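Right after this note come the structures.
You will see two complexes here that share subunit A, one where it goes with subunit B and one where it goes with subunit C.
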Partner chain A sequence: MNSRYFFISCLLPLAAFSFAFLALPLVRLLFASIDSELGFGIYLEILTNARYMNSLLYTVLLSIAVTIAALFISTTAGLFLVRNHFPGHRVLIAVLTFPLAFPGVVIGFLIILLGGRQGLTNMLAQNLFDTRVIFAYSMTGLFLGYLYFSIPRVLLTVMAAAEKLDLSLEEAARSLGASPTKVLRDVILPALTPALIASGAIAFATAMGAFGTAFTLATNIDVLPMIIYTEFTLSANIAMSCALSVVLGLVTWILLIFSRSLTGNNVAAAG
Partner chain B sequence: MLLQRGNKMRNISPSFTFQLAVTLLACAFLLVPAVMSIMAGFTANYFKGISSGLTIKWIIEVWELYADSIGRSIILAIACLFFTLIIGIPAAYALNQMKPRFARILEEFVSLPLSIPGLALALALLQLYGTMSGFRLSSWFILTGHVLYTLPFMIRSVLAIFTAIDLKALEEGASSLGASSWQRFKDIAVPNALPGILAGSLTVVTLSIGEFNLTWMLHTPLTKTLPVGLADSYASMRLEIASAYTLVFFIMIVPLLVALQWLSTRTQKIGESR
Partner chain C sequence: MSGTQIQLKSCSKTFPDGTRALSPTSINVSPGEILALLGPSGCGKTTMLRIIAGLESPDETGKVFFDDSDVTSIPIEKRSVGMVFQSYALFPNMSVRENIGYGLKIKKISTEKIRDRVDEVMALCQLEGLGERNIKALSGGQRQRVALARAVAPQPKILLLDEPLSALDAGLRDQLRDELAILLRSLSITTVFVTHDQAEAMAIADRVAVMQKGHVLQIDDPRKLYTAPDNAFVARFVGAANELSGRLNNNLFSLQGGSLQLPEGISAVSDDKIYVRQEAIKLIPPSESELKGKVLSSTFLGNSQKIVLSDVCERLVNVITDPFSKYEIGQEVGLLIQVEDILVLRDD
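Moving on to the complex of A and B:
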């Protein structure tokens, strides 16, 4: 077989599949979003409708908070695990990375076990202090659930970057009399910055699009994916659910392109 | 000698203690609820605690209630693996031969399902194919979503090996000895890419078994999968059954995850020795 033909036949299955099930559906989604009497005005409607804008605001604020917390925790733990080897080291890494494969619904359930009506904190609080502590169905529950699936994503990227750090630079800084805090601030963190931006973008985009966790927790705070879901199923407002999907998809996609341009690394945005 | 002592001193500094504390707290946060869920799945009455006795009756009940959705998930994962292999391996091979600029654009495009939330993708599929009821009502519809979402992982995993081993040099050698395109693909590219194919396969199966966001929108009452059943049990079953079902899910994916971790440390070592 001619090598040119072989090359084309290698690409053919991918081209056919991506065209039929990715390119065409996405184009259709765009058309479905303007398929109401509003037309393109539906995107203006999103900007002027208080419910959608509030939801967008909540989702963005929640995602920012989760991203900052995940960056802090995972950078601290990631640097620690790369620098210190001890018995049980691999087990800790496993515990911190396995949740990457947990669906959002499972994470929602785990948060209910922690902070739900029959949850750990509520039982402890009732037995010890005779009070009730239930946070699973509030913003706190959402925050902890999102944090749960963000920590592994950030950790993997930070650890990969931390392994490549040039130790001689830190040694030099130290021998010149820099304190550990100064070494961290002036040597380690600047070297990790691309990885931190990239993994932060991944965490943010994942949190923006997360559906399963919010779905299980059934909180009264409507994050954007829950609004899309209710618009589609309960209100049968198909055009609006499509328009909101387009907005959400564009935001996360652009963010991740930006992050990839910094590292060329990517961890799935599921959850 | 002095330096070594200095290092040891630094090891028990406040910053070391702080880092250790954060690491252990994070581990506890991720591990405690998972362990609680496993325990609740074995506890006769969760409200009364572990003193009410251990039982496997909840797991048996889960099996009776959800065996079909668990079975469907396994079949879907295998089918998804099959399709990602036959689409992904040749695609990675071709991407490796393309001009880097075109390869990047194409890879960016097929990786869209990683960046766009599953809900949006599912809506897009529903808008286009929702009216083809034969397709929409079958498990094939869900399979389409799973392949869409997992294919980028397979392609990237295989492509990473192709670029790391400098496949082009190997192929030029074989080509000068008269090997055809097909022979070079089958006898050089695929065998060399095996670690990447294996890692990609484990990732695809793990993700397919746990996929919820797309599947929730694409499923019908007759095509429920394991995670769809999980959502169902969280909403309507008692805590012990929900926990036992979660336990079944953990039992299915943890071996896959352990294998993946083992494989990734091994391939890292291969990469270092080259």
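Moving on to the complex of A and C:
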């Protein structure tokens, strides 16, 4: 009996945490979302409203694009950094993980400095080719900003996994005649898959909910977090902003579950 | 015999940090021959295997030939070698059948031909019925056989095995050692394998190369290696040999426990040491021998017993004798050593 009480007392902090920070707010959010004359009909309203649905689609597409690009860049860079040691190696890794420290607002600034009206690209283009290149205030700017803060998240996970790769597996594949691309396809990528799914899920979820960067770049980019913000502060439509929050959470969650089921149930720790 | 000849011509290997893993070495492996590279860890045996495989390149002067073609600069994927790794390195994302068929698939052989060849190799390696299994669901011995089957399936020119049995536990290792010896012989592919276990080397190989500190000390067939070792290291490493130290005076070798009459012309012995195999020493009543020792322990081994003697020379002397004679601890015994069993060796 003693050990059983001990076991239960160990579960208490988890139970308290789950209740206070997961269950309570979510239930409160759900209740707040139906606290208008529409009731549950507010969700039908979302489904039939072209602006909301487009925004949801953009957000999902943008997040998927960011995730794929981040996975591609980070896998290439991560494998290179693990396999090759050169002077400045540690410094480079430190620099690459730097964006982790920045809030979305700062990343927004960086994108404006790069692709804004007074940005580096535009000035170069005007001086050299006499054209204007401005991409900061569009989906392109948002994509670059999200990619910038997604890369370190994916890179660190991929590097940790790449360091644990069994080199003899690659040598075995080569001894059987496999070219470097086939070794990558048949040995390295399958071994990295759990890490790629875990870090891709984090990158995707972060991109779905990112707000600071979008807010800094422009108010007319219709990603879902921006719409939630607008409904809440400008229109004071609290029920709608809550309902949209629930939808954002649900869609992200379902897509994450779907992506995990694609490659078997081998990812424990994902965002 | 059919097969490919392997030639290493003054291959050495120096790593970027300056450590010399292999001193310039030239060896020939005849077509169809099974050669064991035997030595303690760090002796350069794995480096030599990896040079043959194409996983390491030798220092500039070295050359590797398969028959008449120089393969020194050809990477492993184009050398047509089959390799069995110490950890087996089976692909965890593929079934047994997919693992074995991988090399054939890379060669773009038709699905039916792959299936036939995989069936054939699986039968050869006693893996029938395991084709659809996951690698994780195999025992150690089965994994070892899958690794071998995968290596031989594409019909490689040469077969290389890196400590093929060391990942198994002792009982299984003895059984698989004999199976592997029979299987390798039936394949008649030129084979080089690395081991630190002299019993394994002797059981499987046609010839054994004993290596130490990056040098090949002796290459010979197992019997020759055992009965006529070139130096003390080989004698001690291949089958245990007793080292007896004493003083040589006019063919009379004096030790702590008495003396031994050595034949004429043996006076060139250096360091005043001679070597005798454990089973070459017979125990006789002390009154009948000029050389005596005291029984320190006796261990019954079933088909033999091991007697440890003190007071013969500075070191303890091990004797393997029949299992049924009784020896009391502290008992004085005489040693009978035939002159032809005395090994006079260069020190290492």
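Going forward, the second predicted complex is superposed on the first by the 223 of 271 C-alpha atoms of A that agree within 3 Å, B and C clash if a C-alpha of one lies under 4 Å from a C-alpha of the other, contacts with A are read in each partner's own complex, and residues count from 1 in each chain.
Simple rule for what comes next: a contact is a pair of C-beta atoms (placed from the backbone, for glycine too) under 8 Å apart; a residue touches a chain by one contact, two chains touch by 3 or more.
All figures in this text were calculated on a predicted structure; none of them were measured in a lab.
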item	value
Touched partner set for A:P103, first subunit B, second subunit C, both or neither	first
Which of subunit B and subunit C A:G41 touches, first, second, both or neither	neither
Comparison of subunit B and subunit C by subunit A residues contacted	B
Partner chain(s) touched by A:L256 [first = subunit B, second = subunit C, both, neither]	first
Which of subunit B and subunit C A:V187 touches, first, second, both or neither	second
Partner chain(s) touched by A:G212 [first = subunit B, second = subunit C, both, neither]	first
Shared contact residues on subunit A - subunit B and subunit C	none
Subunit C-facing residues of subunit A, complex	166, 168-169, 171-179, 182, 186-187, 190-191
Subunit C residues within the subunit A interface of the complex	53, 55, 75-78, 80-83, 85-87, 89-93, 102-103, 106-107, 150-151, 154
Contact set on subunit A toward subunit B in their complex	1-3, 6-7, 9-11, 13-14, 17-18, 21-26, 28-29, 32, 73-74, 76-77, 79-81, 84, 90, 92-99, 101-106, 108-114, 118, 120, 144, 147-148, 151-152, 180-181, 205, 208-212, 215-216, 218, 225, 228-229, 232, 238, 241-242, 245-246, 248-249, 252-253, 256-257, 266, 268-271
Footprint of subunit A on subunit B - complex, ascending	10-11, 13, 15-16, 18-20, 22-23, 26-27, 29-34, 36-37, 40, 46-47, 86-88, 90-91, 93-94, 97, 108-121, 123-125, 127-129, 144, 147-149, 151, 153, 155-156, 180-182, 185, 206-207, 210-213, 216, 227, 230-231, 234-235, 239, 242-243, 246, 249, 253-254, 256-258, 261
